[in-house]
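Next come two complexes, and both contain chain A; in the first it sits with chain B, in the second with chain C.
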Partner chain A sequence: MTDADVTVPAALPELDPVIHAQARLRVMTTLSTVAEGDRLAFPRLQELLDMTAGNLSTHLRKLEDAGYVGVDKAYRGRTPVSWVTITRRGRLAFEGYHEALRAYLGGRND
Partner chain B sequence: MARTEHRDADDPALTPAESLALIEATQHDTRRALGFSDWPFYLIWGLAWAVAFTVTHLVTAVDSLPLARIPEAVVGFVWLVCVGGAVVATGVVIARFSRGVAGTSARIGKRLAVCWSAAFMAAGQLGALLGLEGYQFGALFVFVVALLYLGQGAAFLDDLQLGVGVWLLVVDTVALALGPNWFNLVLAVFGAGAFLVVAAFGRRSEQRAGQRAGQ
Partner chain C sequence: MTDADVTVPAALPELDPVIHAQARLRVMTTLSTVAEGDRLAFPRLQELLDMTAGNLSTHLRKLEDAGYVGVDKAYRGRTPVSWVTITRRGRLAFEGYHEALRAYLGGRND
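This part shows the complex of A and B:
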């Protein structure tokens, strides 16, 4: 075997454990795809992700604790509405995560 | 492929490739659900213009002989149905895509609605004050549409809207220069036709993006 035959696998990147969970990755991807300055009503986000309210709330709390999303409660008439938005820190974290994946997979030879 | 460290027992761990695929699929789904593609609007208005301008061409005298005998009231009704229907359909599509979304894009949308309405009301008044004939009125409205597309294309850095604006300016000028006998036909073929072509390409490119994202 020559040096040319040896493929060096790219190092597995350190992936943000808050984002690197299937449900939270979908939440972060959805919120980051929404135009900057926009926010989504909780039921709409739930519908887009096809998640139960309890499950989505649990994951949003973890993302909120990390400072990645903001949840604002407001009233539309007498109906309470929660608005969910990605924070600047969250957007940067998601972009870093996405870039790390692309760099890793782009650098792999298998 | 190696699975990365994962701390949620109730959520399956993903490989980097699975994560990237999930991101691409979710981005595609979100864009489609929130109406990031504008081909439905080109389709709606392309169909409305195609029917309305074609019917108007049929009743326009070419060498003093119209191609079809349709009462003027019917032509007016066709325009009302086409434009009114397109306005309602546009509103329904926007409402469907934008429900549950608030913030900057909703504010931009409201301002754009005001701009389009004000521009058309002003064009109507201007045309009446200038005593324009039917096809000249049409040319004025197409001119306003072209300017609005140019403005939106410039503001949103959208080359497609900029291109549509330029194309409509050219088609409108040529149609007006050809006169009342050919004005409506030129708009039906090259104005409505352009909208329909843009809609077809937009839909196709969305479908391809869906296939790439593993839909």
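This part shows the complex of A and C:
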């Protein structure tokens, strides 16, 4: 066995921890597919991600606190429904996250 | 604002939580650049990742428990040094992680 040194291809950038947590990464990835100006019903998002309402709410709150998503309450008939959007700031942060992630994926020669 | 639905391009696969945690992702990314059969000194890994010895040890232990890295104790002169390697199983898990991650990156049209 050889005592190796490595030339790390490039410094590995910080990955935004608000986005990196797996549950929130799934939320952001799904919301990023929604066209700008559109919004997604909370129950539909829950179904797509197969998350409990409580768990999804917790993660949405963290994303909302960071200004990455917006949650609006409205009514569908008589039923209250929350609508979820990704904000402009959220899209930018998500793009930055993707760019940072590519540095990790590019770090390996495959 | 339109009430959107989305066609999620593909189910988002589970990302191995042992690897996904940012600190361990950095460790695995760095170790994956070391040629097969080579090993890296603990202090060098610490320096590359700019982590405290305690923090790095904690994460290495989790990776070791999963069978993804091996840690060997040896002496460099009279000084005890730990040597870190990525295992075959670790390389395979890391490849699987990369593949899963690409599903997330491909989920956006950019």
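Note that the second predicted complex is superposed on the first by the 97 of 110 C-alpha atoms of A that agree within 3 Å, B and C clash if a C-alpha of one lies under 4 Å from a C-alpha of the other, contacts with A are read in each partner's own complex, and residues count from 1 in each chain.
Note that in this section a residue touches a chain if its C-beta (ideal position, glycine included) is under 8 Å from a C-beta of that chain, and two chains touch if they have at least 3 such contacts.
What you see is a predicted model; the values in this text were computed from it and never measured.
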Which of chain B and chain C A:Leu25 touches, first, second, both or neither: both
Touching partner for A:Trp83 - first (chain B), second (chain C), both, neither: both
Chain B versus chain C as contact partner of A:Glu95, first or second or both or neither: second
Touched partner set for A:Ala35, first chain B, second chain C, both or neither: both
Contacts of A:Pro43 with chain B and chain C, given as first, second, both or neither: first
Partner chain(s) touched by A:Pro13 [first = chain B, second = chain C, both, neither]: first
Common interface residues of chain A - those touching chain B in one complex and chain C in the other: 12, 15, 17, 20, 22, 25-26, 29-30, 33-35, 37-41, 44, 48, 83, 85, 98, 101-102, 104-105
Chain A-touching residues of chain C, taken from the complex the two chains share: 1-9, 12, 15, 17, 20, 22, 25-26, 29-30, 32-35, 37-41, 44, 48, 83, 85, 94-95, 98, 101-102, 104-105, 107-108, 110
Of all residues in chain A, those that touch chain B in their complex: 12-13, 15, 17, 20-26, 29-30, 33-41, 43-45, 47-48, 83, 85, 98, 101-102, 104-105
Chain B residues touching chain A - in the complex, by the definition given at the top: 2, 4-8, 11-12, 14, 16-17, 19-20, 22-23, 26-27, 29-31, 33-34, 99-106
